[in-house]
Every structure is written in C-alpha cells, then in structure tokens.
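Consider the two complexes below, in which chain A is the common component and chain B and chain C are the respective partners.
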Partner chain A sequence: MVNPVLFIVVPLGLAFAIPLLKYISKKIIRFVPALAFLFNLIFALRLIPVVMDHQVHVQIGGFIPPLGINLVAGPVGMLFVVLIALVGFLVSIYAFHPIKEKDEDRYHILYMLQLTGATGVVLTGDIFNLFVFFEILCLASYSLVAYLGNRAGIESAVKYLIQGSLGSGLILIGIGLLYGQFGTLNMADIAGRIHSVQSISVYVPLVLFITGFGVEAALFPLNAWLPDAHSSAPSTISAVLSGIAIEVGLYAVLRVVFTLFGITHMMGLFLLLGVLTLLIGELCAFSQDNIKRMLAFSSIGQIGLLVFAFSLASTLGIAGGFFQLISHTLGKALLFLAAGYMIAHTGSMEIASFQGMGKRMPFTSLAFTIGAFSMVGLPPFMGFPGKFMILKAALHDGQMLTLILLVFILIATVIEGAYFFRVVQVLYFAGEDLPDRERAPVAFSRFVPMFLFTGLIIVLGIYPSLITDLLDASALELLDRPDFIKSIIP
Partner chain B sequence: MRKLISIILLGMVATGLFMSISQIPFGEPGERIGDHFINQGVNETGATNIVAAVVVSYRGFDTLGEVSVLFTAAMGLGAVIGLVRRKKTHTPIEPASLIVYTGCRFLFPVILLVGTYIVIHGHLTPGGGFQGGAVIASAFLLMYLGCRGKRIRENLSRGLESLGGLLFILLGVTGLVIGRDFLFSFLPEGEAGNLISAGIIPLIYMAVGLKVGSELTGIIDHLIEDTDELPE
Partner chain C sequence: MNFLSEYTYYIGAFSLIIIGLYIILVKKNLMKVIIGFSIFDTGIYLFLIAVGYLREGTAPVFSKPGLDAGKMVDPVPQALVLTAIVIGVAVLALAVILAIKIYAHYGTLNLRKIKEQRW
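Now for the complex of A and B:
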C-alpha cells in the first residue's frame, strides 16, 4: 500500500525538479506532468479498495494528530484524488503539443502545482493545512489564466486574483477565530468541540468559511470572476478550472459544513442558493454567443445543481451529487478540450463560426456532441444517471420546498438542453451551402484525451454501478460525523 | 439606499466578529496544544527556538506548503511578466554615485553573512530559513541599486531554487524510506542549544533558506526589467 502523502509529494517534487530537468532536455519536461499524474492515478486506484474498508490516517513528522498535521484518506478524499489524477493525466496529454512557444516550462510547473494544491486540499485533515494547499491551487490558477498573455487574459486574471484573495483573507480570519476558541487546528478535534461553545461564536467563522470557499466554488453571488477567467484561459486550463478547481472549492464547503460544523438545520437556505445559482447560470449561458463563456456559465449552473443535491443531506442525495460531480468534471473537461481544438482551427470563439464543423472535424464534433448530451442528461451518457439520482433523492426527501425547487431544476435542464442543442445544430446542420473545405489535420495528442473522456462518459453512463459503492461510502463519511471524529481523535 | 444596506451589513459583521472574538481567552494558559509546544517542544524536537520547532517539526508540512506557495507566486510572476516583450533599446543606465557604489560593495558580503547566520541558527535563535532567505535576497537588491547594470544569472538562481525544494522533499521522503512518517526527524536530537542539534530542523532550514533567497532574488530580478506595452 502506498502512503497517501506521496500523492502530494511526488507531483510537488517533480514540479520543483522541472527547472533542473530543463538543463538535460527541453523536450522531456512536457511529459513530466503526465508521468506524475499517471503515478497518482495508478496508486490511488489501488488504494480505493483499502479506504472502502477503513479510512487511512497518515501522521506527518511523527506527531499524533492534534499536535502534528495528519492526512485523512477516506472515500471522499480518494474519490477526489482519483478524479484529479485522471483529469490531470488526460489534460496533460493534450499539452504534449505546446500551448504556446515561450515559457513552456512555467506552464507545466504551474499546472502541476495547481493540481498538487487540489490534491492536498482533499487529503488533509488539518484546517490550516487545507488553507495552505488552497492557496497553492488559487495562486497557480490566477497565473495560468493570464498565461496566454493577451489583454483579456490578464484583465480576468486580475479580477480573479482580487476576488480570490479577498476570499482567502476571510478564510484565514475564520481559521484564526476557531483557533482562538479551541486552541487546535485539527478538523476532527475542532469538530468534536464545536458544540461546547455558544452557537453565535462559531456562526461567524462558518459564514467566513462559506463566503471564502464560496468564491472558488462559484456559489451564486460570489462567482463574477468565473465567466471571464474560464473563457480567457487556455483551453486546457479552462478544463481544469471547470472540472477540478470549482469542485475542490465545493469540497471545502462540504467538509466545513458537514464535518467541521456539523450543520443540519440550515439546509433550506443552501437548497435555495443552489437552485438560484443553477437558474442564473443556465439563463446566462443561454444568452451567450461565445462558446467558452457559454461553457463557463454552464459550469455555474452545474455547481448550483450539485449544491442542491448535497444540501438534501441524505445518503441518496449526496451520492447522487458525487455522481453528478464526476459527470460534470469529465463532461466539462471534454467540452473545453473539444471546443479549444475547434477554436484553434477557426480562430474564433463565436458559436456561429463553427458552421460545418461536423464535416471538417468529425471526431471533435462527435466528442463535443457526446459531452453536450451528457451535460443535458440524455441516456446512455453519464449525465443521465447523475441527474436521475438527484431527482430520486429529491422526491424521496418529499418536503414541499424541495418539490417546488425541483420544478425549477427541470426548467433549468430544459434551458440547458436548448443552448447545447443549438451548438450541436450549428456543428452539423448549419452552413450546408458553405464550400466543402478539407478535413482538419489530426493531432494525436489532442485526440487521445478526448477519446478517453468520451469512453469514460459512455461506460459510466451505461454501468453507473461501477462507482456507486464508492459514492455511498463517501456519502456515509460526510454524514457520519461522530465516527469520523472518533477515528482520528479517540 | 445602497450605502444604508452596506452600513447595516457592516454592522452585522462587526457585531458577529466582536462576539466571536470576545469568547477567546487572551494570554491565559491552558490551551492544550500551545502548552504542549511550550513545555515539551525542546524535549521532543531539540530546538531551543520553539517557533522553529512548531514551524519545521510539528507543522513541517505547512512549511513545505508555504515554500510551494512562494514558488508558485514566483513562477506565476515570471510567467506573467515574461509575457511582456523586452524593450529592444535599453535606456542608458545612470551609474550610482561613488558613495552608494562603495557602500554596496562593502555591505554586500556582510549582509550575505548575516543572512546565512540567521538561516543556520534558525533552531537556536529567532529567525530561520524564511527570514534569512529574505535577508540574503536584500543583499542582491542592494547590489542592483548600487552596481547598476550587473545582473545575476537567471539559470543559476532557478537551479538553486529547484535544489532547495528538492532537498526539502528528499529530507521528508527519507523519513518514509526508513519506515517512519514523512518529514520524520531521523537524525539524533543532540544537546539542545548546540549548533548541531535538533535533528533535521537545521537541514530543512538550510533548504528553505536556499530556496527563499534565490526565489526572492529572482522576483526582484524580474521586477527590475524594463517593460514594454502589452501585446494586444
């Protein structure tokens, strides 16, 4: 069994080593990220059966948890580690062909640091350590958004930087308040004591955490940075931002709400917030002409749906939420990669410029179409079981508020269908009268990740039972708080 | 109206923060973990500087994270500033006056020495890798001001930066290799107060000092370059 700390240390060490490897050969550095995340993927998958049986706890530096920092590799953590490694590996194949001629090494270093930060956030059991890794994730994201070096990129990176830093500041204040009251930074230790003080004095840190992490998780009033940042970043980075970064932000919110604070009574508010985020995201996406902005707004909508599912706070709802989260990660990464490849050929992000792509780039168009269908929730793709599980959980919940909100979710899905079908229609059926242009050349490194993402979306759409055990275990980890605390602080 | 809402919201946040802070006992003993660090820190880690014991030993993983945060910031800055095209024609550099020039040349080795001292004695006296590294970088800043036109070799600073990071990670992984935890202090603690004591803390601080010093120098070097208009 591999020590889970290596999932953080190996990519970090390789990122540190890239400037030295550059002396040996400039060519090999582009393969380093793929190597690191392939390592993570293989060993994380092998660790999954172990964590299904029992959580794996790792001490660092040889000190027992409340004194030192610990890592908690439970089902939730490992689910995210596998997802990050999978997306990290496939997207890094896409970058075998350089994104930009200059500064290639910095791109790979920042890319690896970004995903290392994400891995650290989901594995750590210490709230301050979580903040440190969250900072690595955010800082790398800010600079990668500006990587292309055009005005739009730098402007949106600055917007992202300002909002993100404000959020980080709030988180740090929240951590300070908690440390002052409990004298400890270990999440399980704090969780075990949180109900021993007046609720008002933990209410403020809770609000600070939700606001701070909510910026990265793109919850409704805090997501103004997202459409600009996701649309002006390089396509590989858009895929990672949409597929990993906001999900990790959401993970932090979940960990804080469910595990750290053990909140059970304000779920109505979160349900409402989720549906609001969903409706606004989908409505904005509907009115976009720019394909990447459309996808970015669609991510906001999907996050809303996830918040709704998790706020049901039932095993069914949370398992459904995790399924939809994986489905969104794979689908949105595929959509951004496919859209990026088409943009590279047309030189324009306007949806209208994609006329006749179905003939010129048949495989990319097909991949985009499958991603879009999965997003909308059509069988046999992965979005269908995801949305179906959330629907079932909401009906099972049966409260009046949930049922009313469910109507809005269905309306939002119809809107989502409308704008995705519009793109698919442009790809295949518009511009029949255009002169036949020859097919675009095939780049191997671009096709492999798209092919694999497509394959995963179809396989998991047909056999959702492949992962449902892991998802149920993850839901249980979030809901069974006393067990989580007892396993770390006996 | 908007101002009124802002004021009300601000008042709510301030009240909440006040009520939360008023719960916190200041300066009283009895914080379990803080007390443990103060009473047992020297015994358990061998470092007389308790801050170093906490930062490098108990919470060494955070320090690795912080080093990576700085590394990310330096890389990000390089990537963003590197986007801007260098000016073809450099404006002629006005040389510094004799006093500044001589002063810089005199102070440069002294500052380097002080920085190195702070790094190496991090486990004994206040200071450590971050602080010492910053002092070392300030020596290079002074050189840029005094001996204008001289530049550090970018490749060298980036190489040292990498070496520092790798050294930190290797020290951590050694703990795993000998069958203990990551960042486990595998060297004897020695006698507290001696230069060679406190297990791996001085070694980690040297790695951090190397990394922080070369990183901050690199940042200064980037920021000092002439910049041109952004490309559209």
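Now for the complex of A and C:
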C-alpha cells in the first residue's frame, strides 16, 4: 500500500525538478508531467480497494489529530485523485507536442502545480491546509490562463485573479472565525463540535466559505470569470480547468456543507441555485458562435446539474452526481482537446469555420461528436447513465419543488442538445460544396488522449456498474458524518 | 468604552477589510484595485492575529519555567498568517505582472475600458 502523501509529493517534487532537468535536455521535460501522473494513476487505482474497506489516514509529522495536519484518503478523496491523475496524464500526453515554442518549461511546471494543488485539496483533512492547496491551484490557474500572452488571455487572467482572490480572502476570514470559536483547524474536530455553538456564529463562516469556494466552483452569481478564462486559455488548460478545477471547487463546497457544517435542512436553496446555474449556462451557451465559449458555458450548465444532484442529499442523488461529475470531466476534457485540435488546424474559433471537418479530420470530428453526445446524455455514452441516475434520484425524492425543477432540467437538456447538434451538423453536413481539401496531418500525441477519453466514455457508458461501488461508498462518506468524525477523532 | 478597548483589533481589522473591499469594487484603475487587495489582505491578517492575541501575553515557550500556559499567545494564528502572507505576496506579484502586460496590450489600466471579452 502506498502512502497517500506521495500523490502530492511526487508531482510537487518533479514540478520543481523541471528547471534543473531543462539543463540536461529540453525535450525531457515534456515527459515529466506524464510520468508523475502515471505514477499517481497507477498507485491511486491500487489504493482504491483499500479505501473502500476503511479510510486511510496520514498524520504528517506524526502529530495526532486534531493537532497536526492530517490527510484523509476516503472514497471521495481517492475518486478525485484518480480522476485528476487520469485527466492529468492524458492531457499531458497531448502536450508532448508543444503548445507554444517559448517557455515550454514554465507551462509544464505550472500545469503540474495546478494538479498538485487539486490533489492536495481533495486529500487534506485540515481546513487551513485546504485553503493553501486551493491557492496553489488557483495561482497556477491564473498564470496558465495568461500563458499565451495575447490580449484575451491577459484580460481574462486579470478578471479571474480579481474574483478568485476576493473569494480566497473570504475563505480566510471564514477560517479565522471558525478558529476563533473552536480553537482547531481539523475538519473532523470542527465538525464534531459545530452544533455546540449558536447557529448564527456558524452561518457566517458557512456563507463565507460557500461564496469563496463558489467562485472557483462557478456557482451562478459568482461565475463571470469562467467563460473568458476557459475560452482564452490554451486548449489543454481549458480541458483541465473545465474538467478538474471547477469540480475541485465543487468538492470544497460539498466538503464544507456536508462534512464540516452538516447542514442538510437548507438544500432547497441549493436545488434552486443549481437549476438557475444550469439554465443560465445552457441558455448562454446556446447563443455563442465561439466554440470554446460555448463549451465553457456548457460547463457552467453542467455544474448546475451537479449542484442539483448533490443537493438532493440522498445516496442515490450523490452517487448520481459523482457519476455525472466523472462523465463531465471526461467528456469536457475530450471536447476541449478535440476542439483545440480543430482550432489549431483552422486558426479560428468560430463554429462556422469548422465546415467540412468531418471529411478533413474524421477522427477528431468523431471524438468531438462522441463527447457532445455524451454531454447531452445519449446512450450508449457516459452521460446517459449519469443523467438517468440524477433523474431517478429526483423522482425518488418526490418533493414538489424537486419535481418542478426537474421540468426545467429537462428543458435545459433539450437546449444543450440543440447547440451540440448544431456543431455536429456543421462538422458533417455543412459546406458540402467546399473544394475538397486534403486531410489534416496526423499527430499521434494528439490522437492517443482523444482515443483513450473516447474509449473510457463508451466503456463506462455501457458498464456503469464498474464504478458504482466506489460512488456509493463516496456518497456514504459525505452523508455519514458521525462515522467520518469518529474515524479521525476517536 | 470598555467595548472599544476590548475589541480594538477586531474593529481595526474589519475596517481595513471593508476599506479594501470598497476599493476593489469601486475603483477603475487596476493598480488601485491591486492596492485595495493589499489592504484587504492586511485586514484579514490583522483579524487572524487578533483571534489568537492575548493582552500582555507571553511567547508560548514551555521550556522556560514560571510561565503560565493560560497567559501565552496562541501561536497557531501567527503560523497561519505567515503562510497567508506568502500566498498574498505571490498573488500580488502575479497581479502586478498582469497589470504590466495589460498596459502593454491596451495602453491603459482603466478596467472599464478593457472589456473585449463579454457574455
């Protein structure tokens, strides 16, 4: 059994080894991120059967909780670690072919730091440590959005930075308030004592946390930065931002709401917020001509759906939410990579410029189509079981509010279908009369990740039962608070 | 007056936070917004320190005999603030770099004029 701390240490160490490795060979640094995340992927997969049985705790420096910083590798944490490592590995294969000729080393360092931060957020059991890793993730994201150095990138990075650091400041105030009341930073310890104080002094930090993490999670009124940042970043980074960063923000919100505060009686608010985010995202996506902006808005919509699923606060709903989360991560990463490859070929982000791509880049178009179908929720792709599980959970919940909101979710899915089919239609059926241009050249580093993402989407779409055990265990970890607390603070 | 003297640090900290927030939300110039962030951050650091501060407290050194544990200043918030300052410096440095880049691209730091990206 591998020590979970290595999932953080190995990418972090290798990230800072890159400036040294650069002096040995400039080519070697391209393979470092892939190596690090392959390591994480293999050992995280091997650790999963262990954490299904019992949570793995690591006490950093040997201090017993609640004194020291501890890592908690439960089903939820490991689910995210595997997802981050998988996406990190596949996207870093895509980057074997340099994104930009200059400053390649900086790209790889920041990329690894970003995913290290994400891994740290999902593994830590200490609220301040969570903040620190969250800041590593955010800082690396700000810089990567500006990596191309063009007008759009810099402007989006400034917006992202201002909103993101405002959110981080609020989180820090919330941490200060919690520490002032409980004298501890350990999440399980705080969770165990949260009901011992007046509710008003708990709600203030709760609101601060939800606002702060909500900026990164792109909850509705806080997501103005997302379409700009996701559309002006390099395509690989858009894939990671959409597939990992906002999900990790959502994880932080879930951890705070379910585990730390144990608030389950105001879920109606979150249900509404989720559906509102979903509708706004899908409606804005529908009116876009720029493909990357369309995908970015679609991410907002998907986050809304996830918030809805998690707010059902039932085993079925949370398991469905996690399934849809995995489906969104794989699907959106695939879509951004495929779109990025087509953009690199046509030099334009306008959807109209992709006419006839079905002939010129048949494989990429096919990958994009599969990703789009999976996003919409067509069988046999992964989006179908995800949406189906959420639907089932909502019907099982049976409250009037949930059922009314369900109607809006179905409407949003129709809108989603409309704009994705429009792109697919442009890819295959528009511009028949264009002169036959030759096929695009084949780059294997670009095809391998797209192929693997496509394969995973189909396999998990046909056999969702491969991961349902893990999802059920994850849902249980979030819902069974006393057990979580007792396992850390006996 | 007792209230004031007891909560001076909290009042000061939250005043700084509010001033910082005001500057961030209202000012147009990017450099001023960055300065606002600096003030906002300082307010948060002061607040965190105030949480663990004890009037006439001593340093938490347990090896020295004769010191009362009840009169020691809580060292944890200070450790938090050290970490938070490091993060804050990194964010500010990045913000200033981006401000330089913004000026190079747009020839202005007025945030109201920089809006090529919109919904």
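Note that in this section the second predicted complex is superposed on the first by the 490 of 490 C-alpha atoms of A that agree within 3 Å, B and C clash if a C-alpha of one lies under 4 Å from a C-alpha of the other, contacts with A are read in each partner's own complex, and residues count from 1 in each chain.
Methods note: contacts are C-beta pairs under 8 Å (C-beta built on N, C-alpha and C of every residue); 3 or more make two chains touch, one makes a residue touch a chain.
In this text the structure is predicted, and so the values were computed from the model without any measurement.
A.B. asks: For the three-chain arrangement built by superposition, which of chain B and chain C touches the greater number of chain A residues?
C.D. replies: B
A.B. asks: Quick check on the superposed pair: does A:Ser156 touch chain B, chain C, both, or neither? Answer first, second, both or neither.
C.D. replies: In the superposed model, A:Ser156 contacts chain C only, not chain B.
A.B. asks: Touch check for A:Pro98: first (chain B), second (chain C), both, or neither?
C.D. replies: In the superposed model, A:Pro98 contacts neither chain B nor chain C.
A.B. asks: Quick one: classify A:Pro379 as touching chain B (first), chain C (second), both or neither.
C.D. replies: The answer is neither, since A:Pro379 touches no partner chain.
A.B. asks: Looking at A:Asp228, would you say it contacts chain B, chain C, both, or neither? Reply first, second, both or neither.
C.D. replies: It touches chain C, and chain B stays clear.
A.B. asks: Tell me which partner A:Leu139 touches in the superposition: chain B (first), chain C (second), both or neither.
C.D. replies: both
A.B. asks: Output check: A:Gly268 vs chain B and chain C. Expected answer is one of first, second, both, neither. What do you get?
C.D. replies: neither
A.B. asks: Would you check which partner chain A:Phe128 touches, where first means chain B only, second means chain C only, and both and neither mean what they say?
C.D. replies: After superposition on chain A, A:Phe128 lies in contact with both partners, chain B and chain C.
A.B. asks: Considering only the touch criterion stated at the top, classify A:Leu172 as touching first (chain B), second (chain C), both, or neither.
C.D. replies: A:Leu172: touches chain C, not chain B.
A.B. asks: Quick check on the superposed pair: does A:Val204 touch chain B, chain C, both, or neither? Answer first, second, both or neither.
C.D. replies: first
A.B. asks: Which positions of chain A sit in both the chain B and the chain C interface?
C.D. replies: 128, 132, 135, 139, 142-143, 146, 149-151, 154, 157, 173, 180, 183, 185
A.B. asks: If you look only at chain B, which of its residues touch chain A in the complex?
C.D. replies: 16-17, 19-24, 31-34, 36-37, 44, 57-62, 64-66, 68-69, 71-73, 75-80, 82-84, 155, 158-159, 161-163, 165-166, 169, 172-173, 175-176, 180-185, 230-232
A.B. asks: Going by the contact rule at the top, pick out the chain C residues touching chain A in the complex.
C.D. replies: Where chain C meets chain A, its residues are 17, 21, 24, 30, 33, 37, 40-41, 44, 47-48, 51-52, 74, 76-77, 80, 83-84, 87, 90-91, 94-95, 98-99, 101-102, 105-106, 111, 114-117, 119.
A.B. asks: Of all residues in chain A, which touch chain C in the complex?
C.D. replies: 128, 132, 135, 139, 142-143, 146, 149-152, 154-159, 161-162, 165-166, 168-169, 172-173, 175-176, 179-180, 183, 185, 227-228, 231-232, 284
A.B. asks: For a test of understanding, state which residues of chain A touch chain B in their complex under the given definition.
C.D. replies: These residues of chain A touch chain B: 3, 5-6, 9, 12-13, 15-20, 23, 58-63, 66-69, 102-103, 106-107, 109-110, 113, 116-117, 120, 128-129, 132-133, 135-136, 139-140, 142-144, 146-147, 149-151, 154, 157, 173, 177, 180-181, 183-185, 197-198, 200-205, 207.
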